[in-house]
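Shared between the two complexes below is chain A, which pairs with chain B and chain C, respectively.
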Partner chain A sequence: MFDWKWDFTWEILPRLVYATGNTLIAAGAGYVIAVVLGLMLALAQRTPSRALTFTVREFVEFIRSTPLILQIFFVFYVGPQFGVRLSPWMSGMIAIGLHYACYLSEVYRGGIESVPKGQWEAAIALNMTTAQKYRRVIIPQAIPPALAGMGNYLVGIFKDTPMLSVIGVAELIHTANAIGSENYRFLEPYTMVGIIFLAISLPAAGLIRLFEGYVRRKLGL
Partner chain B sequence: MLDKTGFPLEMTGEDTPMVSFRKVRKSYGALTVLDDLDLDVSAGEMVSIIGPSGSGKTTVLRMLMTLERINGGVIYVDGKPLSHMPKGGQLVPANERHLRSRRADIGMCFQHFNLFPHMTALENCMEGPVQVLGLSKAEARDRSEELLEMVGMISKKDQHPSRLSGGQQQRVAIARALAMRPKVMLFDEVTSALDPEVIGEVTNVIRQLVSEHNLTMLMVTHQMGFARDISDRVCFFYGGRIEEQGPPAELFGNPQRERTQQFLSAVREAV
Partner chain C sequence: MGLYDFLAQYWPRLLSGAGITVAQFLLAAALGVAISLCMGLMKLSQNALLRGAAVTYIEIFRGTSLVVQLYWIFFVLPLFGLTIEKFTAGYLAVGMNIGAYGAELVRGGILSVPKGQWEAALAINMSPAQRMRRIILPQALVNMLPPWGNLMIELLKGTALVSLISVADLMFEARQINSSTFLSAQVFGAALLIYYVLARFLVTPFMRWLERHMARKLGRT
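Moving on to the complex of A and B:
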């Protein structure tokens, strides 16, 4: 019943490994964008400017309430109408980075709000500037409780990279599709993609937990 | 020179108090916490604030540390307005920039210590001098180690707060505040969160400060014996006002007001 062909599996493996590299790059670059932009979105919601807070909050809600694939299409297909012409790679990473930045901003927000009020007051008593308060006191304490959520979204962004196949980014699914249509065989490429995703996601989740423990110890928390 | 509401733009002269509350009012919505508070503290004076909870005593310190905005009146530190700033011959509510320039004169220790948990004892003390005062790391380290030595915490300087007892954390917190070289130190119920057997190690540090340094200090406390021992003056707060104040021997030994008498006898019964 199973018609698994090992020689075909070995033959396509190099292409899949190459595509894995692309997937990791897309996920990694998207995540870096999300981590940095997410923090900025979280901080922007804490400024005294009500207009800025409101705008950013609505933007975050909008992104979180619409599908990622729509945002990918928007950046790639609608962008050019506004003169923003980006490659599939760039569009994909921006869309996915932006999408996850909004989720991460909520994770950061939770982390920042978990810092006790006394820490802010101690920072005021030392006459710190707002920037110093965040940089030296609040963010270092907001990150450890946020790490679990940040790790979940790292695995999440990795699993969402197949969405980029719709605009032609040669990540794993895109490559598996191509192999399948060229050879009229889908069992091996799709199975291998599943195994590759599993082989990366599972250890990643474990590593994130280890890292979380390490950071907590390092910060003496 | 007075502004049009009658508050001086600056206080000058020999007898200018280090801290001066002039008709200071604080309310949260309809609830008035402090009502027209007038309180002067001279340079080098140690003033203890006692009173039942809800009498507004902690609010006095929090306003002086600029943790709370005031709703009326003016607070002066070292003759210059803290809560307000002069603008066109008038006093207007201070902006953040003015607060930062005036706040440097004041240091505060909190009931729950509020040490930075991600820094060691030494790093806690060095943080302000390095980041805020712009000292070099070496200078800040020398200054901090000297202070940790003074509070008896030098052997624990590389420990994080989570590894220290409450009394030890509070001593580090005192060193951290002193490292900023404030003119005025505020102690907000610094022994209230401590186990009875370690209260002494913190009060001894404060005693030492009183005897060896010429700091102006305001202390909110429930330790009546301690307040009596070390204060130059004790203020009894009741219902957002100073009900009675005077030298500790008089206030504790011969209180004039009925509420003071009631409070003190209630406290004595509790001990």
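Moving on to the complex of A and C:
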């Protein structure tokens, strides 16, 4: 292409590969937080307490309706104002984990609601406690229908990690910015970042679909 | 400084930022809808070339991150002699990104129209263009409007990223005020609230109204 320099591309590649590692760690850690917290948010909306359900519901709506990048800034800058200093990684993981937890809570909710009523009644008939009911009957059946949504948000969280660059997490875009301003060349770093994203997210989406099919077959669905 | 005093002092800047955000939202939405329609129809075309073009477009824009696309359009395209002003680059990137997601909704919507409708249109001797415009698309539109509501919220949130290329939107103004005053909780809190109000009390009600309006027009209420 026009002015594409291959030697420069090879020269910056190790730095980009290293940053890809950071991007994957950020996405992975954020996702783990989101998976756990999301389940808690979903279950919190199923308690008998109307006030709790309402509060959690509105909170989820609020987080889902506002930009992640703004939430990242909020977590990063508001802490120090009250004497809590969080590192960029910490605040980034909290913000992105919380944001996706809210999305995942909706996915779980759909999954839980898809469990037939007879299963609940059967669990009650067996004299299970609420915790047993969820752990042994409801959640195992709620996860398979939720898998597609969960997989999409795993790819989603990966594609949203560039927003962490704004508070200085050294992921792909942050590194590309640095390379670009050191060398006054933006063509190769940004293009390579785009290619790396494609090279990861397209196979990942395919793998997730395969995995989903595998789980469904395993469960005889 | 309390939120009230803060707003009394800084509301003009937040308001002008919100104005830019709304302008970016409307332009990106118009572009996104046009691209969705175009790419959605192309993906269903008989012509392999058109189909291939649509698939490539959709996979590239869905497989990479909006931040990467934004930087590429703003920083790399000028190297090819195509310099785009930042305001334009902003809504262009957001609109093109949303268009790729919308294309799948359009495709799904069209495929959800029952086969009998296609055959009926054929039976009364309509040309393919007439059939699409007068029979298929109106019904497809009603079917796909609910997910479009979610996509419009994503679009609104996406516009916050144009602040990264210094478009003076709400996010940008919030960052500016934050860096000169360090009143992080107030400024980011106010910005979160404004985004929430835009999403919850303007975008969502409008999309709900549109759903009802279109359903009524098709006599489906």
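The rule we apply is simple: the second predicted complex is superposed on the first by the 220 of 221 C-alpha atoms of A that agree within 3 Å, B and C clash if a C-alpha of one lies under 4 Å from a C-alpha of the other, contacts with A are read in each partner's own complex, and residues count from 1 in each chain.
Basically, a contact is a pair of C-beta atoms (placed from the backbone, for glycine too) under 8 Å apart; a residue touches a chain by one contact, two chains touch by 3 or more.
None of the values given here were measured: they were computed from a predicted structure.
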item: Which partner reaches more residues of chain A (counting touched residues only), chain B or chain C; value: C
item: Chain B versus chain C as contact partner of A:Gln119, first or second or both or neither; value: first
item: Partner chain(s) touched by A:Val17 [first = chain B, second = chain C, both, neither]; value: neither
item: Contacts of A:Gln132 with chain B and chain C, given as first, second, both or neither; value: first
item: Which of chain B and chain C A:Leu219 touches, first, second, both or neither; value: first
item: Contacts of A:Gln141 with chain B and chain C, given as first, second, both or neither; value: first
item: First, second, both or neither for A:Gly180, with chain B first and chain C second; value: second
item: Partner chain in contact with A:Thr66 - chain B first, chain C second, else both or neither; value: second
item: Touched partner set for A:Val84, first chain B, second chain C, both or neither; value: neither
item: Chain B-facing residues of chain A, complex; value: 116, 118-119, 121-122, 124-130, 132, 136-137, 140-141, 219-221
item: Interface residues, chain B side, partner chain A - complex; value: 65-67, 96, 100, 103-104, 106-108, 110, 112, 114-120, 127-128, 131-132, 160-163, 176-177, 180
item: Chain A-touching residues of chain C, taken from the complex the two chains share; value: 59-60, 62-69, 71-72, 75-76, 79-80, 153, 156-158, 160-161, 163-164, 171, 174-175, 178, 182-185, 188-189, 191-192, 195-196, 199-200
item: Chain C partner contacts - residues on chain A that touch it in the complex; value: 2-3, 61-62, 64-71, 73-74, 77-78, 80-82, 159-163, 165-166, 173, 176, 180, 186-187, 190-191, 193-194, 197-198, 201-202, 205
